[in-house]
Amino acid sequence: MFYHDRQLQYKVRVEKPNPEFAKLLQQAIGGVEGEIRVCLQYLFQAWNSRGPQKYRDMLLETGTEEISHIEMLATAVALNLEGASTALKEKMAASNPLVESVLGGKDPRHILSAGLGAMAADSNGVPFNGSWIVSSGNIAADMHANVYAEATGRVLATRLWEMTDDPGMKDMLSFLIARDTMHQNQWMAVLEDLGNVHPIPNSFPQSQENQQFNYTFVSTNINQEPSPHTRWTEGPSVDGKGTFTFMHAEPMGGMPDLSKPDPLTHAQTE
Amino acid sequence: MFYHDRQLQYKVRVEKPNPEFAKLLQQAIGGVEGEIRVCLQYLFQAWNSRGPQKYRDMLLETGTEEISHIEMLATAVALNLEGASTALKEKMAASNPLVESVLGGKDPRHILSAGLGAMAADSNGVPFNGSWIVSSGNIAADMHANVYAEATGRVLATRLWEMTDDPGMKDMLSFLIARDTMHQNQWMAVLEDLGNVHPIPNSFPQSQENQQFNYTFVSTNINQEPSPHTRWTEGPSVDGKGTFTFMHAEPMGGMPDLSKPDPLTHAQTE
Amino acid sequence: MFYHDRQLQYKVRVEKPNPEFAKLLQQAIGGVEGEIRVCLQYLFQAWNSRGPQKYRDMLLETGTEEISHIEMLATAVALNLEGASTALKEKMAASNPLVESVLGGKDPRHILSAGLGAMAADSNGVPFNGSWIVSSGNIAADMHANVYAEATGRVLATRLWEMTDDPGMKDMLSFLIARDTMHQNQWMAVLEDLGNVHPIPNSFPQSQENQQFNYTFVSTNINQEPSPHTRWTEGPSVDGKGTFTFMHAEPMGGMPDLSKPDPLTHAQTE
Amino acid sequence: MFYHDRQLQYKVRVEKPNPEFAKLLQQAIGGVEGEIRVCLQYLFQAWNSRGPQKYRDMLLETGTEEISHIEMLATAVALNLEGASTALKEKMAASNPLVESVLGGKDPRHILSAGLGAMAADSNGVPFNGSWIVSSGNIAADMHANVYAEATGRVLATRLWEMTDDPGMKDMLSFLIARDTMHQNQWMAVLEDLGNVHPIPNSFPQSQENQQFNYTFVSTNINQEPSPHTRWTEGPSVDGKGTFTFMHAEPMGGMPDLSKPDPLTHAQTE
Amino acid sequence: MFYHDRQLQYKVRVEKPNPEFAKLLQQAIGGVEGEIRVCLQYLFQAWNSRGPQKYRDMLLETGTEEISHIEMLATAVALNLEGASTALKEKMAASNPLVESVLGGKDPRHILSAGLGAMAADSNGVPFNGSWIVSSGNIAADMHANVYAEATGRVLATRLWEMTDDPGMKDMLSFLIARDTMHQNQWMAVLEDLGNVHPIPNSFPQSQENQQFNYTFVSTNINQEPSPHTRWTEGPSVDGKGTFTFMHAEPMGGMPDLSKPDPLTHAQTE
Amino acid sequence: MFYHDRQLQYKVRVEKPNPEFAKLLQQAIGGVEGEIRVCLQYLFQAWNSRGPQKYRDMLLETGTEEISHIEMLATAVALNLEGASTALKEKMAASNPLVESVLGGKDPRHILSAGLGAMAADSNGVPFNGSWIVSSGNIAADMHANVYAEATGRVLATRLWEMTDDPGMKDMLSFLIARDTMHQNQWMAVLEDLGNVHPIPNSFPQSQENQQFNYTFVSTNINQEPSPHTRWTEGPSVDGKGTFTFMHAEPMGGMPDLSKPDPLTHAQTE
């Protein structure tokens, strides 16, 4: 069950409102690298957790924190939009529309649909999509999804940090970047706790997987170049359970052979 | 540039066609855990690669292999659908529709839209979505996305393996599971090659991130329970650059304060 | 800022796990009538609120409660799926796949993608979509969106209530239906507070709208039938600002006249 | 069954073509607040109507009118795009692309995909989505969806009206705003006709809903602040069937308790 | 501008309601091959038409007819759903849920979301998507899109015809199939009218296209098999403007060479 | 099975990087007219092909070539983005954000999400969607889908060619336009090979379609104007199997008559 406080987790100040930066910030709210995604992802992982309890608890703790990050960013968007519609109207009136860009890099829906507020969408206005939520029922797979989410999330936040000179925005992003550092570490800590065991899932008997292709790098290069002698073409596999080898791709499956069309499907007759 | 062979990478046999299993296999084609996703993901990462060359090469090699996996699974879907429309029509004619299920767990579009062929969609018929493709411009972030993709992909393949007794299908899945083992190892090998450096991105100066919150577990539990003394609440951080601490969440950001609505947005007047 | 408790808002019991009911429950989680939608909708309305404070507070209170409803339903899905994969495997093995339905009304991704957990999707597996979140910057418009959301949400919940005989599920739904009753009343209370003023937005000067068509029912029926003498064709308008009239549709705009194609767009030449 | 006339319902003139305004107008065509949405929504409600006839008739009348609104707006988009590609090409050639914005706030697909015509998409180019169509089988719920649709639609139209100085566009929008006024009134007239009965659906026996939580405002604020004494925390409920009370949220559901993972789902073993 | 009649274009009778067939029919309403698609496609092509008038007129005529087809199919869905919820409830109550399929091939949202009505979605419940609407500004390209749409639409309708024995449904489909025959012919008649000129667009000077690759079949088969001597590898091209030749694919573009990462994007440093 | 070469199919040079043109090029990668679509479309048609072999082969050949086109365009996007982030940062710092457009016509996700690389999305950032892939099981329908795809693809490429003065980009587009010419011809060659038989599917007995409406142009114009005497209203039908006639639309289906609502769906009671 959930509760809230009227205050923000961390301060959100904007010295010079900038509707273009508001558009950029949307990526961190409703984009694939954004806070709605990690929020729902950690919460669903918690709710679907079938043990151990300490992992469920942690996921619930951090999933809850992420709601506060959405809140901070939504506030930042609203603050960056202040004054935007008046400015835009003035410029619209003054412009020669076939020559001059008025809307520029603004999101038109920030005015048209949201009345100068934040939306559940990315920086191109593409809506948040529930298909991004990973909760697979395998905790190691989920933790890798989480490390990836925090890695791309931190990459995004550092790019946003580069794109602004507003001290308030830089400070807020500095906080969010720090939290991404911690969260990357958290999920790696769970993986360490789990023994960093690979391949995932570790519950499938590896004896059942094809033994000739589970540690072989298959080169599909038509020029049949020799092995590049890299970490992934020779030596012990990273999971410690095999030895990397190298081979040139060759077809082993023959030509596929499908039956003639079923008359009921009304294929074309010749 | 790309080439093909008329033969399959590995043999695809179906002893007893099963349209319900064809529906399940769609998840491995057009689902978020499926082969179209990894195929395009590795290829885009290769095409966008700004060095070193060995990583670009590897991504191109394996991205190309994944096309062959889509091909195998599409063939498997088509083979599992053979006879389905005739059988369905017979059952449709015989049934009392308000009592008996005819379509059952089949995908109706396998007949209606594809004429007993595979589709670029998941096991519920939801279309493949390009937003799943991760190519972030940061290779470590991308590799974590790849490990996650192969982890959930292998989890999916093992579940499909459990759901069938068809020896041809089990053999094909045994091959695909083996490849997922290798591919998980490959991406981890790149991460090892890169020094397993965290946090990602490692090019952002950590001195610029908030120093009070980058290694602190924030507990949002309302009951203010004490630290659980876990790997992620005390001791050295996994990245080796900090020390985990534990704190109870508290608001530091004050109440947000937005301006009054801009008249041009036509908020409600009271 | 947000907090949680490890306990649920209301008890969630399932006597007889039923994976088909788990599929139905997904509509109340990730469907357009579901709890993720109202949760994010109320929270975004709160975060974008530019006053008065009492409305922002209420939206934050109730948006937070809705997270707890997602949690309850996700738990209900997980409980309804217990035993499902074993049962399915047994049936899959025993079946004659061209004759008998095995998957039936189950969601295949509940096993394949979620490992017997809940997903951010509707009862057909279509992902939650951020475009459903309404936060328009006009509080009266938002409140109508909220009344509608709770009305369809309560309709959905009563249908789910009809579809189950499980006492635990009926009890949980009875609670959620009660909350929908309250929430419908809440949003109507805000509208009452606002004076139930129409048309929305009330800040646009009605003198600027076309005065011949703002209270006229336009009948597009080709047979030019006379007025049906209904509440919406005569008498005072519901907003109290006009008088309903009735007219037959007739074109006033003439034929549209577009220029010839621009050569740069490469229209077909004839 | 449907018919058309070659003429427009109302005149559509553009004095100064403005491709940026064409982009804004797309929100009123293919956006969530737009005319395709209301058109299909009213028509589906009519087609699914199971009585009384007068409501079906009205829905069909107005759903048909909305097609004419899509037509007007599509014409307005095409007129605003005239000259755009030539102007853009000239500017593209002259510009220093790393310094100067050429495309600005234009929708690139207006040239690339539509050849200077309108699209079934919103102002960010996000395609119209059928999930927005509400036809619930409960007429009161549908009418609230309709009031909300016309409220956000009218808010959108007033914002578009503010953003242009073109007299032709202002005149067209003045007509569409007037129609939104009427349509808001129409749907409210149906609700009045239905007795403004709440909660919706009124066919579910309220005795079956949880009696302790159907008129209680649940405060999720962690600080347990006292009741704000508002319209929604005390006094008679708006539906006239209960009395508002106020309580602080507390968990009643205990800790959820899911079973251990099913081995067939290949959760991680520890 | 548009008008309607209360009557249907053609009679819609259902002798034995069948909710599974209702699900199948959804493909013809909201699927990619369905009537909403062709309706909006022809109407947008008409509205965007920049001449000649006879094509605009025809598109408007037929686009209007398609609305009547959506109406017929929506009615057919509603009629096929009659009795479905009662039957389902009875079966739900009687079933042993882990063994027996209850929902089977029904669309759960037909009850949960639509209350036994039609939806703007396909046979898997995936919403209609505006990206399917083709209106390119080149009439020949549009006509090919239309021929394709009617071809797949007629294929779909014949499959639906095969899947039912209900005489009313067969009669309705026989009418819709006939209309698809006519509409295929109509769009081909326009192409004939336009001179069946290829390649499309015919306004681009072919002298500007690469002259070595515009009539050459490029074989990407790794085995460098000889030309198959088919219609598309030798002889005059179908457009009458070139001669087909055959070649084996070979790379002409060299290795791509991207710059090192820009520091501001925070790629990983090594 | 598939192979690759490290080299590109054709050279990709960019003299003056232009991030706005990079945005335009995305339409040719991930847009509905783009290369991912044709690539997957031809491959799925090949994989689902049930004969004859020569068509399967050709589809596989050309589907494989299209992967090389995605690669070329992705490379072109990356090259056009070089220098973009530094330039943008400088401009961002210098600008008065409420007055001047900085982002202009750039895609913000090119920096934020892709780190100056290509994405699987269109020119508005809308992700590629698998619903665009047509593989119907009827080869004539598929070929028309392919002609349409190459027609809109070539229209798009010529518009891109118009929008740039960069000689490298013009040269690359000149190659892609040439390939579109060839591919249009290829699919028409298959149709010629198949006898250009209509209507599609030709396997459905035309005697089963309604004989009064299969060659009749239905005019839905309310003004009942006389026949326009066009190619599609009189004379032999294009398929050679009927004679075009002209009629005014009239309703033949009567009024639809649905049952009263089922109580279990909780319609509103009055």
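Should a chain be cited, it is by its letter among A, B, C, D, E and F, assigned in written order, with residues numbered from 1 in that chain.
Definition applied: a contact is a pair of C-beta atoms (placed from the backbone, for glycine too) under 8 Å apart; a residue touches a chain by one contact, two chains touch by 3 or more.
Predicted model, so just to flag it, every value in this text is computed and none were measured.
Enquirer: Trace the shortest sequence of touching chains from chain C to chain E and report its length in steps.
Expert: Each step joins two touching chains, and the minimum needed here is 1.
Enquirer: Find the chain most remote from chain D, comparing centres computed as mean CA coordinates.
Expert: B
Enquirer: Specify, for the interface formed by the sequence copies chain C and chain D, whether it is same or different in terms of residue numbers shared by both sides, with half as the dividing line.
Expert: Same residues, largely: of all residue numbers at this interface, over half are found in both copies.
Enquirer: Name the chain pair with more contacting C-beta pairs, choosing from E-F and A-C.
Expert: E-F
Enquirer: Between the options D-E, C-E or A-D, which interface matches B-F on more than half of its contact pairs by residue number?
Expert: So the equivalent interface, with over half the same contact pairs, is D-E.
Enquirer: What is the chain whose Cα centre is as far as it gets from that of chain E?
Expert: Farthest by centroid: A.
Enquirer: Averaged over CA atoms, how far is the centre of chain A from the centre of chain F? Could you give it in whole Å?
Expert: That gives a centre separation of 28 Å.
Enquirer: Cα centroid separation between chain C and chain F, in whole Å?
Expert: 32
Enquirer: Starting from the mean Cα coordinates of chain A and chain B, work out the distance between those two points in Å.
Expert: The mean C-alpha positions of chain A and chain B differ by 11 Å.
Enquirer: Would you mind listing the residues of chain F that make contact with two or more other chains?
Expert: 1-9, 32-33, 47-48, 50, 57, 60-61, 64-65, 68, 75, 78, 83-85, 89, 101-106, 111, 113, 115-116, 124-127, 129, 131, 136-138, 140-141, 152, 155, 158-159, 162, 200-201, 204, 220-222, 249, 251, 253, 256, 258-259, 261, 264-267
Enquirer: Graph shape for the chains shown, where an edge means the two chains touch. Line, ring, star, complete, or other?
Expert: Shape = complete; every chain linked to every other.
Enquirer: Chain E touches which residues of chain C in the complex?
Expert: Touch residues, chain C against chain E: 16-21, 23-24, 27, 31-33, 83-84, 87, 91, 101-106, 122-126, 152, 155-156, 159-160, 162-165, 220-223, 249, 251, 253, 256, 258-261, 263, 265-270.
Enquirer: So in the complex, the part of chain C that touches chain A is made up of which residues?
Expert: Interface residues on the chain C side: 1-9, 30, 36, 40, 43-44, 47-48, 50, 57, 60-61, 64-65, 67-68, 70-71, 74-75, 78, 113-121, 127-133, 135-138.
Enquirer: Where on chain F does chain E make contact in their complex?
Expert: Against chain E, chain F makes touches at 3, 5-12, 32-33, 54, 57-58, 60-62, 64-65, 68, 72, 75, 78-79, 82-86, 89, 111, 115-116, 126, 129, 131-132, 134, 136-138, 140-141, 144-145, 147-148, 151-152, 154-155, 158, 161, 174-175, 177-182, 184-186, 188-190, 192-193, 198-201, 204, 206, 208-222, 228, 230-232, 237-239, 242, 244, 249, 251-256, 258-259, 261-262, 264-267.
Enquirer: Show me the residue ranges of chain E that touch chain A in the complex, using the header's touch definition.
Expert: Residue list for chain E touching chain A: 155, 158-159, 162, 222, 264-266.
Enquirer: Looking at the complex, which residues from chain A come into contact with chain D?
Expert: On the chain A side, the touching residues are 1-6, 47-52, 85, 88-89, 92-93, 97-109, 111-113, 115, 124-127, 137-141, 194-195, 197, 200-204.
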